[in-house]
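First chain written, first letter: the chains are A, B, C, D and E, and each begins at residue 1.
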Amino acid sequence: MATATEMGTNERFLTEAAFARIFEVLESQGFTVVGPTIDQEAIVYDRIRSVDDLPRGWTDEQAPGQYRLQRRDDEALFGYVVGPHSWKRFLFPPQATVSKADKTETGWQFQAVEPEPAKFAFLGVRACELAAIRVQDRVFMPGPYVDPIYQQRRDNALLIAVNCTQAARTCFCTSMETGPKCTSGYDLALTEIANGFIIEAATAEGAEILSALESDDASIQQRQAGQTARQQAVDQIERRMDTTDIRDLFLSNLEHPRWDDVASRCLSCTNCTMVCPTCFCSSVEEVSDLTGDHVERQRQWDSCFNVDFSYMNGGNVRDNTRSRYRQWLTHKLASWIDQFGSSGCVGCGRCITWCPVGIDLTEEVAAIRGDAT
Amino acid sequence: MSSKPTLGVFKFASCDGCQLSLLAAEDHLLGVAAEVEIAYFLEATSHIQPGPYDIALIEGSIITSHDAERIQQIRRDSKFLITIGACATSGGIQALRNWADCNEFVRSVYATPDYISTLATSTAIADHVQVDFELRGCPINQYQLIEVIQSVLAGRRPRTPVHSVCLDCKRRGTVCVMVAQGTTCLGPVTQAGCGAICPTYNRGCYGCYGPAAQPNLVSLTGQFESSGVPREQVVDSLRNFNGYAPEFRAESERLEASRESTT
Amino acid sequence: MEADQLRFILQELRFSAVLPVEGLGRLAEESTVRRVAAGEVVFRDGSTNNNLYLIRSGRLALEMNVPGRGAVRILTLGAGEMVGWSALLGQGKMTAGAIAIEDSDVVVASADRLRELCEADRDFGFLLMRQMADALSKRLVATRLQLLDLFADAPSLIPTQQAD
Amino acid sequence: MTERTIKVTALTRVEGEGGLYIKMQGDAVEDIRLEIYEPPRLFEALLRGRALEEVPDITARICGICPVAYQMSSVHALEAALDVTITPEIRQLRRLLYCGEWIESHALHVYLLNAPDFLGFESGLEMAEQFPDEVNRGLRMKKHGNQLLEVLGGRAIHPINVAVGGFYRAPRRDNLQTLIADFEWGLEAAIETTRWVAGFNYPDFTCDYQLVSLSHDEEYPMNEGRIATSIGESIAVADYESEFEERHVEHSTALHSLRKKTGETYLTGPLARVSLNFDRLSSTARAIAAEIDMAWPCFNPFQSIIARGLELIHVYEEALDIMRDYSPPRPPRIEYSYQAGESCAATEAPRGLLYHRYVVDADGKVGDATIIPPTSQNQAQIESDLRDWVPYALSDDEAATSRRLENLVRCYDPCISCSTHFLKVKIERT
Amino acid sequence: MSDGYASRMPTPEAAARPWQTHTVAIRDVRREVEGVSTYDLAFLDDTVREAYRFAPGQFNMLYLPGAGEIAISVSDDPRNTEAYGHTIRVAGNVTRTLAGLGVGETLGLRGPFGTSWPLSECIGRDVVIVCGGIGLAPLRPAICTLLQDRQQFGRLNLLYGARSSDTLLFEREYDDWSRQGMDVQTTVDRSSPGWLGNVGVVTLLLDQLPSFDPHNTVLMCCGPEVMMKFTVMAALNSGLSEQQIWVSMERNMQCAVGLCGHCQLGPTFICKDGPVFRYDKIAPFIDVEGL
């Protein structure tokens, strides 16, 4: 659906009141609206039903290993950056039944479980997250085999992007060339300014939603306000990652001493992979009743940081944290390029913020680059 | 006479909670009873059958010399011996005595300490006999228990994950309490199995399932200390229900030793 | 057998093929070809032996004596391979026994004479010893791989299940 | 005169492990002991020096059957020491949590442990073959208790959500609403349970009990109140240790709880609670009590199972009331600051009165702890009742004698795991 | 002809439903050696059976509900279309459960997946097959095909190493293979009394292989990773290039279609880029410990 091509400067202005109607418009079209809301001391993505569910007047302060909600001095609805959740939660659910087996008189009968119909409208997708969705699209959909659950959800999803107007200390989308401005991949894009939003539609579906809302052509001042707000995010980004020849850098430094160094800090707890919007590893578990005659296969998120992730023939291929961290970072930044034609990293900074001990991949990259062999 | 495999449930120093997990598996209880012959399970039945037992579930730790002898007999009587819970697997909360003066402990609780016959340490079953499988948790998870019984019956390896609690938090959508609230949480080094309940209920994990596979305790306790948690509290956080599990124990003793050497 | 004929034979064997023609000629002068029948012992484990053998055809087996198990076959060797290196390196006492497992032709060279040759012509000696080292390193790697027992069963996944 | 000893080496269908030793001289009971194998875990000692926040987690581990009781008594005692007053909403939520434990514990005892005695089975599982509907009903009720514990406490055994000051996180309203339909069914099941157990054959056997339980002006006792006795006293919990005492009795090596001033034994638990608080039972419980037509107070220990039935009705009804009106308490936990202090609290565990006392220091560390569980308080009474019961139980059939003796012990639902104060007894082997 | 050697691509229906498993029944069980048996599996559904084709080297996911799923290479002659042999060593949960099943019982099968042996590349060239232990099983379909179209290929050599003489797989077929024009040499790690064959690792057989043209040879290798590594070293020493060497790799394969991430080795997914690789594609990664 979101085959966004730039539709030029078709910018319109929505008052906040007009924007508030988007929930009924979306719901009337059968969309389940998912967006930012406050829960458990963070801005998470969950089902939302009205503007009242949005984190009005809140922002997030982020640093390696630290995230805190903070009051803003205004009433902005999207005045935060990114939280612990990502949209993969909804496109690639953490748990899903993929097949069922039943023992009958004639033997086992198998049935692949058809994905449940789901039609999501994602509200508040950031530029780095649009990039992450593009990355996962390349993982799950180009074939020959496709992931039916992802594809069903992706095909039916409406993406309402929101341009960042500020950056967290952990952001580095500019290094990964994924943001902060939303340039493609969305149906609608918003920029929050005083009293309302600059909005533009990039697809017919987006235009249809927009037309159901009361909007005006954006004035020059309003456009400038939007431009200024977006520039503020660019200006705030401090963190950098040098991606020059990064594929070869990593694949020729598989024995770099830095891997031992990071392994002494890394907890191998899986948090970075879980919050990463592109990590896609999963495993399948057998769930059976006591008779063993009805068995479901449940796919769930897994992580290359798990000891038994690489289990083979009675042993684990990657049996220490050094090899597991190396696998993750090398895959994310280097071998991903061989596999899917792009980096697996979109510069959202989640893995930095949500690492309990604050390991910062940009520092690790710099260290490896610093005395590369 | 039934040819079903026999099951024995044996209790040592413990709270009863782990064997209660079997009775708490209401939906599966009658199913389990249909698959195995319950040959020894004092809490559930007055029907007592002598060994040998095909499967023995052992709850509790060893804190008396009588128990140290009793477990030997049970081992001889049992084909497949499974420890259930933190007490049996790592000595339990009562293993706190292992770092203390046990006589002083006894005196403080009992007016007539002479009547008390106890060992100075609380030790895991595996310190006394060979254990075929250890099921972690304080208490154990009833679904894992059913899985273990099922897999032993089927002759396969039980699927009980060894990964950290963090993974389960994230699958559930629980926000990290350590990062978002600065709460001390053992989740990153604790084995999953509980369903990541503590962080989901807004508090830090306190390690009911013992150390995860290859835990990096030094890094985590360093993080606790650098965020201002006093060392004494870090040591206490490791010394609870699985305090005597080797990895937790080594780290709490390391912290204590380095405190002594620096002060 | 003519020395020339022997030289041609040596030129075709992998072990000696790379040696210079002149050196080969001298080696040929010190060598004879011998037929060993299947089952015939070339030398015994622990015995003193003063010959280096190059297999021209057929197969030899190396065996070690293990009390209670008898002669255990460690390795079989075919055309082009060398046997009896400890004679050349001066020890004389054999670390394993060699037995023909099929009718074989071997080139036999006196280890003492070969050593003298090497002393007299250090360039030739270097090349011969390099071949020796190469052959021994291959054998060492092969032994290590045997040691790894790569085809053994994977460890049982049920932890220490009691015998039933 | 012939000497005879009766030994039940392993009491079954009780929580924890213990035995029974009786020595007869002719028809006279010379010695009688409830023997406890439970090894001493020394909880009170290992609590010292721990942060007070850990106390509800650690004391829960005293007993896997009634962890909530330990959590409740400990947080109330600690809150008193810290001068923390919880909100009525938190108080309600704690009552609801306790309801979950009562349902779980009573359903377990009634169906799996005690009813098989009356119907002649060795276990609830065996009983299930002839009484599948009843056992499944019991299991389903037990599951309700566990579900409530899971929603409120995170898990059924050793819940993790109980904090000094309240709860770490309050459940959402819809988390509880989804349980209501099940609990409505459960209330009916509890009524059926009571009717069913009321129809059992009970021995004509009464004891001269002094009944002891908490009592509260406005509600059926659970989390707070004064201590009432059947001799008309009303004792403040703070005076517990001056009125009740754990004492060595010469003929026994176990600590017995007795009335301090008179040295009398006393009974705590459902029979005492219902007897002393009949008027505070829910309307349905009272109506069913009237329907089954038995007199309260009741002094027949075998009829404890009926008291449990009535309490099941009560807690189902109360849980439904709380759930229907529930909205999450804000905040779920009251803030406090540390101060040195000492205080105590008692709550009603499913098995009876559970008393805790703590000394805490200005750094929030436990200085001293005293924990007196209900079964420890009942032990002297159990031995005394056994003495009276022996003439009824005695027969030439050794196994039958043992079984009948065990039946009586089981009526108290003794929880030997809670053996903070039981002693290891050297078993006389003659 | 060469066309017929290519890997099978999934049908559009299969591609859209990677988790669809088909019921197969065990038609025959042959004990090969201790702990290793071949299971002939036949589809119950005619439509599925008619559509199913595999190329030598490809694998199927065999599924035993409750126990789990495991990747197993087909060890059968590709011309068979009624039932497909899978040669399995008891090693884990799934294989142990399978070992408890008998003829007539059913299980699940998804597949075929992965790449196949480069048989088209072999046309007009000498072929050396080096394998160890159970590693002969994935090559058996290739051997069948090479012998079936014998005239297409140059000299055929099979060098096979096993732990001991009683663990040599498919031993009853060696004579047939020899008769059909393949030189079969075996060697064992542990000799036993009465064994007159070779003793020593299989790489030594490669060293002793009578003259072959290194420039016109394809080498295919399957066995434990360490064995393959040393085989490749020996082959490179003999003058072969990395582009002439093909190996079949093993990793923890779960989804079999490149979606679950488990079987990565450097930039490759063993399940979809392999299991059969031209050596140069994985050479930089195979030696890195813990990659």
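Just so we're on the same page, contacts are C-beta pairs under 8 Å (C-beta built on N, C-alpha and C of every residue); 3 or more make two chains touch, one makes a residue touch a chain.
If you're wondering where the values come from, they're calculated on a predicted model, not measured in any experiment.
Novice: Removing chain D only, and moving nothing else, give me the connected sets of chains.
Specialist: One piece, even once chain D is excluded.
Novice: Where the centre of all protein Cα atoms falls, which chain's Cα centre is nearest to that point?
Specialist: B
Novice: Kindly indicate the chain pair that has more C-beta pairs in contact than all others.
Specialist: B-D
Novice: For chain C versus chain E, what separation do you get between their C-alpha means, in angstrom?
Specialist: Going by mean C-alpha positions, chain C sits 34 Å from chain E.
Novice: Averaging over Cα atoms per chain, report the distance between chain C and chain D in Å.
Specialist: Centre-to-centre distance between chain C and chain D: 83 Å.
Novice: In whole angstrom, what separates the CA-based centres of chain A and chain C?
Specialist: 64
Novice: If you average the Cα atoms of chain B and of chain D to get two centres, how far apart are those centres in Å?
Specialist: Chain centroid spacing, chain B to chain D, equals 25 Å.
Novice: Touching at least two other chains at once: which residues of chain D meet that condition?
Specialist: Residues: none.
Novice: Please list all residues of chain C that touch 2 or more other chains.
Specialist: Residue numbers touching two or more other chains: 154, 157.
Novice: Hunt down the residues of chain A that sit against at least two other chains at once, touch-wise.
Specialist: 286, 288, 292, 302, 313-314, 320, in rising order.
Novice: Spell out the part of chain A that touches chain E in their complex, as residue ranges.
Specialist: 98-99, 101, 103, 106-110, 112-113, 139-140, 143-148, 251, 254-255, 280-284, 286, 288, 292, 295, 297, 299, 302, 304, 309-314, 317-320, 322-323, 326-327, 330-331, 334-335, 337-339
Novice: Applying the document's contact rule, which stretches of chain E touch chain C when the two form their complex?
Specialist: Chain E residues touching chain C: 35, 89, 91-93, 96, 132-134, 161-163, 167, 187, 189-191, 193, 195-201, 203-204, 207-208, 210, 223-224, 226-227, 230.
Novice: Which chain E residues qualify as touching chain B in the complex?
Specialist: Within the complex, chain E touches chain B at residues 66-67, 92-93, 96-97, 100.
Novice: Mind pulling up the chain C residues that touch chain E in the complex?
Specialist: Interface residues on chain C, with respect to chain E: 14, 59, 61, 70, 72-76, 78-81, 101, 138, 141-142, 145-146, 148-154, 157.
Novice: Show which residues of chain A lie in contact with chain B when the two form their complex.
Specialist: Contact set of chain A toward chain B: 39-42, 44, 65-69, 83-85, 89, 94-95, 264-271, 274-275, 285-286, 288, 290-292, 300-303, 306-308, 320-321, 353-358.
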